[in-house]
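Below is one structure; the comments refer to it alone.
Naming follows writing order (A, B and C), and every chain is counted from residue 1.
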Amino acid sequence: MTTPETRLAELGLSLPQPTTLPPNLKLPFSFINIRGNRALISGHPKSAPDGSIAGPYGQVGKDLSTDEAYAEAREVGLSILANLKAEIGELSRIAGWVRVFGMVNSAPGYSEQHLAINGFSDLIIGAFGPEIGAHARSAIGTHGLPMNFAIEIEAEALLKE
Amino acid sequence: MTTPETRLAELGLSLPQPTTLPPNLKLPFSFINIRGNRALISGHPKSAPDGSIAGPYGQVGKDLSTDEAYAEAREVGLSILANLKAEIGELSRIAGWVRVFGMVNSAPGYSEQHLAINGFSDLIIGAFGPEIGAHARSAIGTHGLPMNFAIEIEAEALLKE
Amino acid sequence: MTTPETRLAELGLSLPQPTTLPPNLKLPFSFINIRGNRALISGHPKSAPDGSIAGPYGQVGKDLSTDEAYAEAREVGLSILANLKAEIGELSRIAGWVRVFGMVNSAPGYSEQHLAINGFSDLIIGAFGPEIGAHARSAIGTHGLPMNFAIEIEAEALLKE
(Lines give C-alpha, C1' and ligand atoms only; values in the text may rest on other atoms or scores of the structure.)
Protein backbone atom coordinates (compact mmCIF):
# COMPACT_ATOMS: atom_id res chain seq x y z
CA MET A 1 0.00 0.00 0.00
CA THR A 2 1.27 3.45 -0.89
CA THR A 3 1.48 5.73 2.12
CA PRO A 4 2.72 9.29 2.44
CA GLU A 5 5.80 7.84 4.09
CA THR A 6 6.55 5.58 1.09
CA ARG A 7 5.94 8.44 -1.31
CA LEU A 8 8.38 10.60 0.61
CA ALA A 9 10.95 7.79 0.38
CA GLU A 10 10.35 7.54 -3.38
CA LEU A 11 11.04 11.26 -3.61
CA GLY A 12 14.33 10.68 -1.79
CA LEU A 13 13.12 12.60 1.26
CA SER A 14 13.29 11.55 4.88
CA LEU A 15 11.74 13.05 7.99
CA PRO A 16 13.87 14.63 10.69
CA GLN A 17 13.30 13.74 14.32
CA PRO A 18 10.35 15.56 15.93
CA THR A 19 11.35 19.03 17.02
CA THR A 20 13.35 19.16 20.23
CA LEU A 21 13.80 22.41 22.08
CA PRO A 22 16.88 23.68 23.91
CA PRO A 23 16.53 22.98 27.67
CA ASN A 24 16.06 26.69 28.45
CA LEU A 25 13.21 27.14 25.97
CA LYS A 26 9.70 26.20 27.01
CA LEU A 27 6.91 27.00 24.57
CA PRO A 28 3.50 27.88 25.97
CA PHE A 29 1.83 26.38 22.89
CA SER A 30 1.77 23.08 20.99
CA PHE A 31 3.49 22.45 17.67
CA ILE A 32 0.49 20.27 16.82
CA ASN A 33 -2.88 20.79 18.49
CA ILE A 34 -5.48 18.08 17.88
CA ARG A 35 -9.11 19.13 18.44
CA GLY A 36 -11.61 16.52 17.35
CA ASN A 37 -10.64 15.57 13.81
CA ARG A 38 -8.76 18.82 13.23
CA ALA A 39 -4.98 18.93 13.41
CA LEU A 40 -3.87 22.52 13.89
CA ILE A 41 -0.25 23.04 12.98
CA SER A 42 1.67 25.93 14.55
CA GLY A 43 3.97 28.15 12.53
CA HIS A 44 7.03 25.94 12.00
CA PRO A 45 10.66 26.60 11.10
CA LYS A 46 13.01 23.92 9.75
CA SER A 47 14.46 21.11 11.84
CA ALA A 48 17.90 19.55 11.52
CA PRO A 49 17.83 15.73 11.22
CA ASP A 50 18.18 15.46 15.03
CA GLY A 51 15.09 17.64 15.52
CA SER A 52 16.86 20.78 16.66
CA ILE A 53 15.56 24.05 15.23
CA ALA A 54 17.66 24.98 12.23
CA GLY A 55 16.30 28.18 10.73
CA PRO A 56 16.43 29.13 7.96
CA TYR A 57 17.41 32.64 9.04
CA GLY A 58 17.40 36.02 7.34
CA GLN A 59 15.35 37.81 4.73
CA VAL A 60 14.28 36.15 1.51
CA GLY A 61 15.27 38.36 -1.41
CA LYS A 62 18.45 39.40 0.39
CA ASP A 63 19.95 36.54 2.42
CA LEU A 64 18.20 33.75 0.50
CA SER A 65 17.17 33.53 -3.14
CA THR A 66 13.73 32.35 -4.15
CA ASP A 67 15.18 28.98 -5.18
CA GLU A 68 16.86 28.61 -1.81
CA ALA A 69 13.64 29.61 -0.07
CA TYR A 70 11.72 27.03 -2.11
CA ALA A 71 14.11 24.31 -0.88
CA GLU A 72 13.83 25.61 2.69
CA ALA A 73 10.03 25.63 2.56
CA ARG A 74 10.19 21.93 1.67
CA GLU A 75 12.42 21.36 4.70
CA VAL A 76 9.91 23.21 6.88
CA GLY A 77 7.32 20.82 5.49
CA LEU A 78 9.38 17.80 6.48
CA SER A 79 9.65 19.22 10.00
CA ILE A 80 5.87 19.65 10.10
CA LEU A 81 5.28 16.11 8.85
CA ALA A 82 7.69 14.75 11.47
CA ASN A 83 5.81 16.50 14.27
CA LEU A 84 2.46 15.44 12.85
CA LYS A 85 3.56 11.82 12.57
CA ALA A 86 4.86 11.88 16.16
CA GLU A 87 1.41 13.04 17.22
CA ILE A 88 -0.87 10.85 15.09
CA GLY A 89 1.29 7.78 14.39
CA GLU A 90 0.83 7.41 10.63
CA LEU A 91 0.50 10.14 8.04
CA SER A 92 -2.14 8.06 6.28
CA ARG A 93 -4.47 9.09 9.11
CA ILE A 94 -4.75 12.46 7.39
CA ALA A 95 -8.01 12.64 5.47
CA GLY A 96 -7.31 15.96 3.80
CA TRP A 97 -5.28 19.13 4.01
CA VAL A 98 -7.31 22.23 4.75
CA ARG A 99 -5.32 25.43 4.76
CA VAL A 100 -1.70 26.53 4.48
CA PHE A 101 -0.38 29.91 5.55
CA GLY A 102 3.14 30.70 4.40
CA MET A 103 5.04 33.53 6.06
CA VAL A 104 8.14 34.79 4.30
CA ASN A 105 10.50 37.22 6.04
CA SER A 106 10.88 39.52 3.07
CA ALA A 107 13.50 42.02 1.93
CA PRO A 108 12.08 45.36 0.74
CA GLY A 109 10.40 44.93 -2.63
CA TYR A 110 10.48 41.12 -2.59
CA SER A 111 7.42 39.73 -4.37
CA GLU A 112 7.97 35.99 -4.96
CA GLN A 113 6.61 34.70 -1.66
CA HIS A 114 4.28 32.39 -3.59
CA LEU A 115 7.18 30.74 -5.42
CA ALA A 116 8.99 30.18 -2.12
CA ILE A 117 5.98 28.58 -0.43
CA ASN A 118 5.47 26.33 -3.46
CA GLY A 119 8.28 24.25 -1.90
CA PHE A 120 5.84 23.33 0.85
CA SER A 121 2.78 22.90 -1.37
CA ASP A 122 4.64 20.70 -3.85
CA LEU A 123 5.82 18.51 -0.97
CA ILE A 124 2.30 18.07 0.38
CA ILE A 125 0.84 17.28 -3.04
CA GLY A 126 3.75 14.93 -3.72
CA ALA A 127 3.37 13.03 -0.46
CA PHE A 128 -0.43 12.96 -0.21
CA GLY A 129 -1.56 13.17 -3.82
CA PRO A 130 -3.82 15.78 -5.39
CA GLU A 131 -7.03 14.97 -3.49
CA ILE A 132 -5.88 14.55 0.09
CA GLY A 133 -3.09 17.07 -0.48
CA ALA A 134 -5.33 19.81 -1.88
CA HIS A 135 -5.25 22.93 0.25
CA ALA A 136 -6.22 26.58 0.28
CA ARG A 137 -3.21 28.81 0.73
CA SER A 138 -1.98 32.31 1.36
CA ALA A 139 1.61 33.52 1.18
CA ILE A 140 2.70 36.85 2.63
CA GLY A 141 5.76 38.95 3.22
CA THR A 142 6.42 39.64 6.89
CA HIS A 143 8.47 42.37 8.54
CA GLY A 144 10.45 40.06 10.74
CA LEU A 145 9.73 36.63 12.17
CA PRO A 146 10.58 35.01 15.53
CA MET A 147 14.30 34.29 15.97
CA ASN A 148 14.86 35.90 12.56
CA PHE A 149 13.44 32.88 10.76
CA ALA A 150 13.27 33.38 6.99
CA ILE A 151 10.21 31.17 6.63
CA GLU A 152 7.46 30.00 8.93
CA ILE A 153 4.55 27.83 7.79
CA GLU A 154 1.24 27.26 9.57
CA ALA A 155 -1.37 24.77 8.41
CA GLU A 156 -4.43 22.70 9.22
CA ALA A 157 -5.23 19.14 8.24
CA LEU A 158 -8.20 16.87 8.92
CA LEU A 159 -7.84 13.40 10.42
CA LYS A 160 -9.88 10.37 9.48
CA GLU A 161 -12.64 9.88 12.01
CA MET B 1 -36.49 34.85 -3.50
CA THR B 2 -33.59 37.13 -2.67
CA THR B 3 -30.24 35.50 -3.24
CA PRO B 4 -26.71 36.86 -2.84
CA GLU B 5 -26.61 37.04 -6.64
CA THR B 6 -29.73 39.23 -6.81
CA ARG B 7 -28.44 41.43 -3.99
CA LEU B 8 -25.18 41.94 -5.87
CA ALA B 9 -27.17 42.92 -8.96
CA GLU B 10 -29.21 45.39 -6.86
CA LEU B 11 -25.91 46.91 -5.72
CA GLY B 12 -24.91 47.30 -9.37
CA LEU B 13 -22.14 44.72 -9.01
CA SER B 14 -21.41 41.76 -11.24
CA LEU B 15 -19.07 38.84 -10.83
CA PRO B 16 -16.03 38.40 -13.07
CA GLN B 17 -15.33 35.05 -14.68
CA PRO B 18 -13.67 32.52 -12.35
CA THR B 19 -9.93 33.12 -12.13
CA THR B 20 -7.98 31.87 -15.12
CA LEU B 21 -4.24 31.51 -14.97
CA PRO B 22 -1.68 32.22 -17.68
CA PRO B 23 -0.70 28.93 -19.42
CA ASN B 24 2.77 28.96 -17.84
CA LEU B 25 1.47 29.32 -14.28
CA LYS B 26 0.35 26.23 -12.42
CA LEU B 27 -0.61 26.65 -8.79
CA PRO B 28 0.04 23.80 -6.38
CA PHE B 29 -2.98 24.81 -4.31
CA SER B 30 -6.69 25.41 -4.79
CA PHE B 31 -8.36 28.83 -4.88
CA ILE B 32 -11.27 27.17 -3.08
CA ASN B 33 -10.80 24.03 -1.00
CA ILE B 34 -13.98 22.31 0.17
CA ARG B 35 -13.58 20.01 3.18
CA GLY B 36 -16.87 18.72 4.54
CA ASN B 37 -19.06 21.77 5.00
CA ARG B 38 -16.10 24.13 5.18
CA ALA B 39 -15.12 26.25 2.20
CA LEU B 40 -11.54 27.41 2.64
CA ILE B 41 -10.70 30.39 0.45
CA SER B 42 -7.08 31.02 -0.54
CA GLY B 43 -5.56 34.47 -0.46
CA HIS B 44 -7.06 36.13 -3.55
CA PRO B 45 -6.12 39.14 -5.66
CA LYS B 46 -8.54 40.90 -8.01
CA SER B 47 -9.74 39.46 -11.31
CA ALA B 48 -10.51 41.34 -14.50
CA PRO B 49 -14.00 40.61 -15.93
CA ASP B 50 -12.48 37.81 -18.07
CA GLY B 51 -11.03 36.14 -14.97
CA SER B 52 -7.41 37.09 -15.54
CA ILE B 53 -5.47 38.20 -12.48
CA ALA B 54 -5.53 41.99 -12.33
CA GLY B 55 -3.70 43.14 -9.22
CA PRO B 56 -4.07 45.57 -7.65
CA TYR B 57 -0.32 46.19 -7.42
CA GLY B 58 1.88 48.32 -5.18
CA GLN B 59 1.85 49.57 -1.62
CA VAL B 60 -1.26 51.00 -0.02
CA GLY B 61 -0.43 54.38 1.50
CA LYS B 62 1.95 55.13 -1.37
CA ASP B 63 0.69 53.74 -4.69
CA LEU B 64 -2.96 53.49 -3.62
CA SER B 65 -4.98 55.64 -1.25
CA THR B 66 -7.21 54.11 1.41
CA ASP B 67 -10.29 54.93 -0.68
CA GLU B 68 -8.75 53.22 -3.70
CA ALA B 69 -7.79 50.24 -1.57
CA TYR B 70 -11.36 50.03 -0.23
CA ALA B 71 -12.67 49.81 -3.81
CA GLU B 72 -10.00 47.23 -4.68
CA ALA B 73 -10.87 45.09 -1.66
CA ARG B 74 -14.46 44.96 -2.94
CA GLU B 75 -13.13 43.82 -6.32
CA VAL B 76 -11.09 41.11 -4.58
CA GLY B 77 -14.34 40.06 -2.94
CA LEU B 78 -16.09 39.77 -6.28
CA SER B 79 -13.24 37.57 -7.51
CA ILE B 80 -13.64 35.37 -4.43
CA LEU B 81 -17.40 35.11 -4.89
CA ALA B 82 -16.89 34.19 -8.56
CA ASN B 83 -14.54 31.34 -7.65
CA LEU B 84 -16.81 30.21 -4.82
CA LYS B 85 -19.85 30.18 -7.10
CA ALA B 86 -17.93 28.21 -9.73
CA GLU B 87 -17.19 25.64 -7.04
CA ILE B 88 -20.53 25.40 -5.21
CA GLY B 89 -23.05 26.45 -7.87
CA GLU B 90 -25.13 28.97 -5.95
CA LEU B 91 -23.97 31.46 -3.34
CA SER B 92 -27.12 30.74 -1.36
CA ARG B 93 -25.48 27.43 -0.41
CA ILE B 94 -23.35 29.43 2.04
CA ALA B 95 -24.75 29.04 5.54
CA GLY B 96 -22.44 31.54 7.18
CA TRP B 97 -19.17 33.34 6.84
CA VAL B 98 -16.56 32.35 9.40
CA ARG B 99 -13.36 34.31 9.20
CA VAL B 100 -11.75 36.92 6.97
CA PHE B 101 -8.04 37.71 6.88
CA GLY B 102 -7.12 40.87 5.02
CA MET B 103 -3.52 41.41 3.97
CA VAL B 104 -2.54 44.90 2.90
CA ASN B 105 0.86 45.55 1.28
CA SER B 106 1.64 48.64 3.35
CA ALA B 107 3.85 51.67 2.89
CA PRO B 108 5.94 52.57 5.97
CA GLY B 109 3.71 54.08 8.64
CA TYR B 110 0.42 53.15 6.95
CA SER B 111 -2.22 52.37 9.55
CA GLU B 112 -5.62 52.22 7.81
CA GLN B 113 -5.59 48.56 6.80
CA HIS B 114 -8.95 48.11 8.53
CA LEU B 115 -10.57 50.82 6.40
CA ALA B 116 -9.20 49.20 3.23
CA ILE B 117 -10.49 45.75 4.12
CA ASN B 118 -13.90 47.22 4.96
CA GLY B 119 -14.42 47.15 1.18
CA PHE B 120 -14.54 43.38 1.41
CA SER B 121 -16.54 43.18 4.63
CA ASP B 122 -19.15 45.64 3.39
CA LEU B 123 -19.54 43.58 0.21
CA ILE B 124 -20.08 40.36 2.15
CA ILE B 125 -22.59 41.94 4.53
CA GLY B 126 -24.32 43.60 1.58
CA ALA B 127 -24.61 40.39 -0.43
CA PHE B 128 -25.38 37.94 2.38
CA GLY B 129 -27.05 40.10 5.02
CA PRO B 130 -25.93 40.63 8.61
CA GLU B 131 -26.48 37.07 9.89
CA ILE B 132 -25.01 34.87 7.16
CA GLY B 133 -22.49 37.57 6.32
CA ALA B 134 -21.21 38.03 9.89
CA HIS B 135 -17.52 37.21 10.17
CA ALA B 136 -14.53 37.51 12.46
CA ARG B 137 -11.74 39.49 10.85
CA SER B 138 -8.16 40.60 11.10
CA ALA B 139 -6.41 43.14 8.89
CA ILE B 140 -2.65 43.49 8.79
CA GLY B 141 0.11 45.37 7.03
CA THR B 142 2.47 43.11 5.12
CA HIS B 143 6.02 43.70 3.91
CA GLY B 144 5.40 42.60 0.38
CA LEU B 145 2.88 40.24 -1.18
CA PRO B 146 3.14 37.75 -4.07
CA MET B 147 3.52 39.41 -7.49
CA ASN B 148 3.54 42.77 -5.67
CA PHE B 149 -0.20 42.59 -5.02
CA ALA B 150 -1.46 45.50 -2.94
CA ILE B 151 -4.21 43.43 -1.32
CA GLU B 152 -4.80 39.75 -0.74
CA ILE B 153 -7.81 38.39 1.14
CA GLU B 154 -8.23 34.92 2.64
CA ALA B 155 -11.47 33.65 4.17
CA GLU B 156 -13.56 30.72 5.31
CA ALA B 157 -17.27 30.13 4.86
CA LEU B 158 -19.58 27.30 5.89
CA LEU B 159 -21.85 25.51 3.45
CA LYS B 160 -25.35 24.28 4.18
CA GLU B 161 -25.26 20.56 4.95
CA MET C 1 -15.49 24.67 41.32
CA THR C 2 -12.51 26.27 39.64
CA THR C 3 -13.46 28.27 36.58
CA PRO C 4 -11.34 30.38 34.24
CA GLU C 5 -12.85 33.40 35.97
CA THR C 6 -11.68 32.23 39.42
CA ARG C 7 -8.23 31.38 38.05
CA LEU C 8 -7.94 34.87 36.60
CA ALA C 9 -8.89 36.31 39.99
CA GLU C 10 -6.22 34.13 41.66
CA LEU C 11 -3.70 35.56 39.20
CA GLY C 12 -4.77 39.06 40.27
CA LEU C 13 -6.26 39.77 36.84
CA SER C 14 -9.67 41.18 36.04
CA LEU C 15 -11.53 41.53 32.79
CA PRO C 16 -12.25 44.93 31.27
CA GLN C 17 -15.74 45.75 30.04
CA PRO C 18 -16.56 44.32 26.60
CA THR C 19 -15.14 46.50 23.84
CA THR C 20 -17.13 49.65 23.17
CA LEU C 21 -16.57 51.63 20.03
CA PRO C 22 -16.60 55.42 19.59
CA PRO C 23 -20.03 56.54 18.25
CA ASN C 24 -18.55 57.37 14.82
CA LEU C 25 -16.95 53.94 14.35
CA LYS C 26 -19.07 51.08 13.04
CA LEU C 27 -17.29 47.83 12.30
CA PRO C 28 -18.59 45.65 9.45
CA PHE C 29 -17.41 42.52 11.29
CA SER C 30 -17.90 40.86 14.67
CA PHE C 31 -15.32 40.78 17.46
CA ILE C 32 -16.58 37.27 18.19
CA ASN C 33 -18.30 35.17 15.53
CA ILE C 34 -19.97 31.97 16.75
CA ARG C 35 -20.54 29.32 14.07
CA GLY C 36 -21.78 26.02 15.45
CA ASN C 37 -19.38 25.13 18.26
CA ARG C 38 -16.62 27.31 16.86
CA ALA C 39 -15.88 30.72 18.37
CA LEU C 40 -13.91 32.77 15.88
CA ILE C 41 -12.11 35.69 17.50
CA SER C 42 -11.22 38.73 15.40
CA GLY C 43 -7.86 40.40 15.65
CA HIS C 44 -8.09 42.32 18.94
CA PRO C 45 -6.22 45.24 20.46
CA LYS C 46 -6.24 46.06 24.18
CA SER C 47 -9.23 47.53 26.02
CA ALA C 48 -9.16 49.99 28.88
CA PRO C 49 -11.18 48.87 31.94
CA ASP C 50 -14.23 50.72 30.57
CA GLY C 51 -14.00 48.78 27.30
CA SER C 52 -12.65 51.57 25.14
CA ILE C 53 -9.91 50.65 22.68
CA ALA C 54 -6.57 51.43 24.29
CA GLY C 55 -3.80 50.40 21.91
CA PRO C 56 -1.05 49.57 22.52
CA TYR C 57 0.38 51.75 19.75
CA GLY C 58 3.69 51.86 17.90
CA GLN C 59 6.37 49.40 16.82
CA VAL C 60 7.65 46.70 19.11
CA GLY C 61 11.43 46.86 19.19
CA LYS C 62 11.32 50.65 18.98
CA ASP C 63 8.39 52.12 20.91
CA LEU C 64 7.85 49.08 23.15
CA SER C 65 10.35 46.58 24.55
CA THR C 66 9.71 42.86 24.39
CA ASP C 67 8.84 42.86 28.10
CA GLU C 68 6.35 45.66 27.59
CA ALA C 69 4.89 43.85 24.58
CA TYR C 70 4.55 40.67 26.65
CA ALA C 71 2.49 42.60 29.24
CA GLU C 72 0.43 44.21 26.47
CA ALA C 73 -0.27 40.84 24.84
CA ARG C 74 -1.72 39.68 28.17
CA GLU C 75 -3.95 42.77 28.20
CA VAL C 76 -5.08 41.98 24.67
CA GLY C 77 -5.97 38.54 26.00
CA LEU C 78 -8.08 40.00 28.78
CA SER C 79 -9.93 42.08 26.19
CA ILE C 80 -10.56 38.94 24.13
CA LEU C 81 -11.79 37.02 27.18
CA ALA C 82 -14.12 39.90 28.08
CA ASN C 83 -15.68 39.89 24.61
CA LEU C 84 -15.90 36.09 24.60
CA LYS C 85 -17.58 36.05 28.01
CA ALA C 86 -20.06 38.71 26.89
CA GLU C 87 -20.94 36.44 23.98
CA ILE C 88 -21.05 33.01 25.64
CA GLY C 89 -21.87 33.84 29.28
CA GLU C 90 -19.25 31.76 31.08
CA LEU C 91 -15.68 31.05 30.01
CA SER C 92 -16.11 27.48 31.26
CA ARG C 93 -18.22 26.92 28.15
CA ILE C 94 -14.94 26.77 26.21
CA ALA C 95 -14.03 23.14 25.52
CA GLY C 96 -10.63 23.87 24.05
CA TRP C 97 -8.50 26.51 22.40
CA VAL C 98 -7.69 25.82 18.78
CA ARG C 99 -5.38 28.35 17.19
CA VAL C 100 -3.74 31.65 18.08
CA PHE C 101 -2.31 34.11 15.57
CA GLY C 102 -0.18 36.87 17.05
CA MET C 103 0.58 39.93 14.96
CA VAL C 104 3.36 42.20 16.17
CA ASN C 105 3.94 45.60 14.54
CA SER C 106 7.70 45.23 14.29
CA ALA C 107 10.61 47.64 14.07
CA PRO C 108 13.20 46.73 11.40
CA GLY C 109 15.23 43.73 12.53
CA TYR C 110 12.96 42.87 15.48
CA SER C 111 12.88 39.10 16.02
CA GLU C 112 11.25 38.42 19.41
CA GLN C 113 7.63 38.30 18.28
CA HIS C 114 7.28 34.88 19.94
CA LEU C 115 8.34 36.24 23.33
CA ALA C 116 5.83 39.06 23.03
CA ILE C 117 2.94 36.77 22.16
CA ASN C 118 3.87 34.48 25.06
CA GLY C 119 2.03 37.06 27.18
CA PHE C 120 -1.19 35.89 25.56
CA SER C 121 -0.36 32.18 25.55
CA ASP C 122 0.68 32.21 29.21
CA LEU C 123 -2.61 33.91 30.09
CA ILE C 124 -4.67 31.31 28.26
CA ILE C 125 -2.77 28.39 29.79
CA GLY C 126 -3.01 30.05 33.20
CA ALA C 127 -6.75 30.64 32.98
CA PHE C 128 -7.81 27.41 31.24
CA GLY C 129 -5.11 24.94 32.25
CA PRO C 130 -2.82 22.95 29.95
CA GLU C 131 -5.46 20.79 28.27
CA ILE C 132 -8.27 23.20 27.45
CA GLY C 133 -5.75 25.99 27.03
CA ALA C 134 -3.51 24.12 24.57
CA HIS C 135 -3.31 25.87 21.22
CA ALA C 136 -1.40 25.95 17.97
CA ARG C 137 0.20 29.31 17.37
CA SER C 138 2.05 31.52 14.94
CA ALA C 139 3.65 34.87 15.67
CA ILE C 140 4.71 37.26 12.94
CA GLY C 141 6.16 40.69 12.40
CA THR C 142 3.84 42.99 10.48
CA HIS C 143 4.59 46.16 8.53
CA GLY C 144 1.94 48.24 10.17
CA LEU C 145 -1.35 47.38 11.85
CA PRO C 146 -4.73 49.13 11.91
CA MET C 147 -4.73 52.39 13.90
CA ASN C 148 -0.99 51.84 14.46
CA PHE C 149 -1.66 49.09 17.01
CA ALA C 150 1.53 47.46 18.27
CA ILE C 151 -0.14 44.10 18.80
CA GLU C 152 -3.22 42.39 17.42
CA ILE C 153 -4.22 38.84 18.33
CA GLU C 154 -6.65 36.57 16.48
CA ALA C 155 -7.77 33.17 17.77
CA GLU C 156 -10.27 30.35 17.63
CA ALA C 157 -11.77 28.35 20.48
CA LEU C 158 -14.28 25.50 20.60
CA LEU C 159 -17.41 25.59 22.73
CA LYS C 160 -18.89 22.66 24.58
CA GLU C 161 -21.76 21.21 22.57
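Following the convention adopted for this analysis, contacts are C-beta pairs under 8 Å (C-beta built on N, C-alpha and C of every residue); 3 or more make two chains touch, one makes a residue touch a chain.
Values in this document were obtained by computation on a predicted structure and should not be read as measured data.
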Residue-number overlap at the chain B/chain C interface, same or different (half cut): different
Rigid-body rotation angle, chain C and chain A, from Cα fit (steps of 5°): 120
Rounded Å distance between chain B and chain C, as computed from the means of their C-alpha atoms: 25
Per-residue overlap in chain B, given as positions that touch at least 2 other chains: 101, 141-143
Contact set on chain C toward chain B in their complex: 28-33, 35-36, 38, 40-43, 101, 103, 105, 141-148, 152, 154, 156
Of chain C, residues touching chain A in the complex: 61, 96-101, 104, 106, 108-115, 118, 121-122, 125, 134-143, 158
